[in-house]
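You will see chain A twice below: alongside chain B first, and alongside chain C after that.
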Partner chain A sequence: MGTTVTPNLGLIKPDGLEPIPNWPAQWGSNADALDNVLKVRKATYTPALTAVTTNPTNFTASGYFVRLWPNLVLVWVNIFMESGYTRGSGNYEISLPVALHSAIPIVTSTSGVAFGKAWLFDNSAQENSQTTVVTAIASNRVRLWTESGEANFVDEDTPFLWSQFDRLTFFMQYPTEAAW
Partner chain B sequence: MATSATSNLGLLYPDKESLVRWPTLNTFNSDFIDNLTGNVGLHSYSPVLSNNDGKVLNVGSTGHIEGWWYRIFDMVFTWGRLLFDGTGIDFGASGDFWRITLPVAINGLSAGSSGAVAEGDSLGSSTLFRSPFSTARQTAVSYVRSSNQIALATENGAGNSLVGRDSPWTWEAGERIAWCAAYRGSFS
Partner chain C sequence: MTVTPTPNLGLLKPDATEVARQWSSDTEEPPVLDELAETNLKLIDDFAKTQTWFTWTPTIEEQNGTALNLDDTVATGRYRRLPGNLVMVWGKFDFAGSPSFGTSSLGFYFPLPVAIDTAGFHDFQGSTSGIVMGEAAMFGPTVATAQTGIVKPLEASRFRIHTEKFSGKTVYYIRHNQPFTWAAGNRLAFRAIYVGV
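Right, the complex of A and B next:
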C-alpha cells in the first residue's frame, strides 16, 4: 500500500504508509486532474456560413461558446444577412468551434441526432419565420432540418427565399471528440 | 479546531491537524470530489420505447434506438435517435402515445399531478421524420412524462399533440425520431 486512486478522476490518496516526501507530487497530480475538469473556457468565434454548391456572401456571423468540463460545449450563433446578401445555392452549413464526438452519428438525408434549436427569421414576410432543429452534417459543421419543406435541410430557398436583413440564430449543446 | 471545512462543498483542510491525519482528510476530499463529478466521459445507453401503459415497443429487426449522455455535476445532457424499420415493429395500439427512457432519473422536475401533456416540464426539442422525408417533418418538444421518461409533443399537432402510433400521423417503417434534452439527474 501507499496510495489508492479514486475511480473516476484518478485522484491519488496516500495512506499513512506513504512517505511524506511523495505527497507534493501527488497533490500536484490531483490539482492538475481537477484543473482539467473544472477549468472554464469561453471564447468567441466566427462561424462560416457555406452552401453546398455556391456559398452565400454579404452576411455577418458571430458565435460564442463555452466549455463545460472536458467534453461538452454550448454554442450560440447569430447570422445576419446584410444589405446585398447573395443567397448562394445548396444546403446551408455552419461551422462549429470544436469537433463533435465521433461516437455520435452525423446526419444523413434521413437520419441524425438533434443538438439544439434554431430560429429562421424572414424579415420581409415575418409570418414565414420558423423554429427548427440543429443537426450535424460533419464533425465540424451543422445543418438545420426544416419543417415540411421542399428540402430536408435549410438551403437558399428553404423554408423561404433568404434575402437581405433576414437572420438565422441557434443554440446547441454537443459532446466534443477531444478533451480541450 | 484541528480541521475546518469549506463553506460550499464541505472539503476538509487541516488547520492545526496532526500531519498523521492528513491522508485521511485528503481521502475524504478526494472521494467527495470524485463522487461529485462522476465519470467525465461521454456515455452511451439504450433507450426504451414504451406506450402509456408501460408496454415496451419494438422498433423492428433493422430499426434502432440509441442514446448518449454527458454528466456535469448532477446535470445530464442527452441526445438520441430512433428508427422504425424491418420486421416485428410494434407501434402500440390505437391511441397510444409513446415514452422514451432517459439515461438517469430526473431530479426536481415534474410530470405534473395528472401527467397531462401541458403539465410536464419541457426538457428539449426533437424532430419527427416522416417517409418520404421531404414531405412532412415536425419539430416537437421533449417533456417530462415520468421520473425517468420523456414524451414528445408536437408544436402544430392537429387534435392530439402527443406523439404516438397515430399522431401526428400514422407511423410506418422507415420513419424516425431524433431528440435532445437537458435536466438535473438523480445521483447518489
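Right, the complex of A and C next:
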C-alpha cells in the first residue's frame, strides 16, 4: 500500500483503507511532527535597552515571550527608568528574544514595517505617549517610531526628555527566522 | 505494549517492533493500535478545540463593577484561544439609543472574556507597572475628535483604555467625558492579546 506525505506538516497518510504493516513507525513520525508544531514555549528574557551613541543606565527591563507555531512569537516588554536614570544619547534600541525573519525589512528612509505597539509615559508631566510603533533596525533589535510632529525614532529626548520614573512598554508579534 | 509519549503534547508512540510482532501473530489489527489512535486523536482534538472562535458581548463597567446601561448600543466581540493559553480579543461598540456613560472620573472599565493569567508576566496598571497589551480607536462626533488609544490591564478580568497624544491632543484614560463627551453615534473599537488562564 502506498502512502502520501501531507504538504504542510509532512504527516504520512495511507492511500487506501487496508492496514499498513509499518503504521506504528509512521504514526511515530506523525506524532513527532504534530508535537513539534503544536508545542508551546513560554520564556522570560531581559531586554537590553541601548542607545546609538551612549547607552542609558539605571533602568529595569523585563520581557516575556510565547512561541506560537514554529516561526512566530508574541512578546511583551516593560522598561522602568529607575532613580538616577541616565538617558544616554542617540536613538534607543531594544533587543529581541528571538531573531526576526529575514523577510521583515530593516527600517530605512523608504522601508520598514510596524509589528508592535508601544506606550511611553512621561512621569514628570504625568502624560501618556505619542502614537508609537515598533520597527526593526536589525534582526535582533527594534526601534520605536513615534509621532512627534513628524515621524521620529525614540531617543534620549524624543518624544520627551527621558528621566527617572518614566516608563516604556510595548507588545509585538513577528515571524522568526529559526523554528524553535 | 511499550509506548513513548511525545515531550509536549503527550502523544503516544507505539513501539514498532512490538506491534510488528503482534501483527504477525494476529490476522486482526492489534487492538492496542485502536486504543492508541483514540488516545492520540482525543489529545489532538482537545488541543485543537482551543482554536475555535468565540463570540461575547463586551460591556462597560464603573470602577465598582456596576455595568453601564448602554441602551440600544450594539456591542460585538470575538475572541480566540491559541496554544499557550493565548487569548486574542476584538471588541466594538456602536453606541445607540440613550446610552448612559456614568459620571465617574475613574474611567471606563472593560471586562475581558477570559481572565488574565496573573501568575504570568502580565502585570497591572501601577506606578511602575502595567504592560500594554492592546490598542483602541475612538470615533467621536466629528472627524477631528477621532482618537487612538492603548489597552492596559487593571485587574485580572478588566482593562482600561488610555488615549494617545497626537496632533496636539491631550491624553486621558477614557471616561464619560474623555477624550470627548460620549453619546449615541460614537464608536469604540479595541483589540488585545494576552496570556489567559
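Everything below uses one rule, namely that the second predicted complex is superposed on the first by the 164 of 180 C-alpha atoms of A that agree within 3 Å, B and C clash if a C-alpha of one lies under 4 Å from a C-alpha of the other, contacts with A are read in each partner's own complex, and residues count from 1 in each chain.
Throughout what follows, a residue touches a chain if its C-beta (ideal position, glycine included) is under 8 Å from a C-beta of that chain, and two chains touch if they have at least 3 such contacts.
Values in this document were obtained by computation on a predicted structure and should not be read as measured data.
Look at A:Asn71: by the touch rule set out above, it reaches chain B but stays clear of chain C.
Once chain A of one complex is fitted onto chain A of the other, the partner contacts of A:Pro14 are limited to chain B, with no touch recorded for chain C. Contact with chain B, but none with chain C, is seen for A:Gly112 once the two complexes are overlaid on the shared chain. Contacts of A:Phe170 after superposition on the shared chain: chain C is touched, whereas chain B is not. Once the two complexes are laid over each other on the shared chain, residue contacts for A:Leu161 go to neither chain B nor chain C.
Looking at the shared chain after the overlay, A:Ala103 reaches chain B, while chain C stays out of its contact range. In the superposition on chain A, chain A positions 23, 34, 68-69, 117, 131-132, 147, 173 are in contact with chain B in one complex as well as with chain C in the other.
Put simply, chain B touches chain A in their complex at residues 19-20, 22-23, 26-27, 30-31, 33-35, 37-42, 44, 68, 70, 72, 77, 79-81, 83, 124-127, 129, 131, 133-139, 155, 174, 176, 178-180, 182.
On the chain A side of its complex with chain C, the touching residues are 19, 21-25, 27-28, 31-32, 34-36, 38-42, 44, 62, 64, 66-69, 74, 76-78, 80, 117-119, 127-132, 147, 165, 167, 169-171, 173.
Against chain A, the residues of chain C that register as touching in their complex are 4, 6-9, 11-16, 19-20, 23, 29, 33, 36-37, 40, 44, 47, 82-84, 86, 120-123, 127-135, 148, 150, 152, 162-167, 171, 193, 195. Interface residues of chain A, counted against chain B in their complex, comprise 6-9, 11-16, 18, 20, 23, 30, 34, 37, 68-72, 101, 103-105, 109-117, 131-133, 135, 145-152, 173-175.
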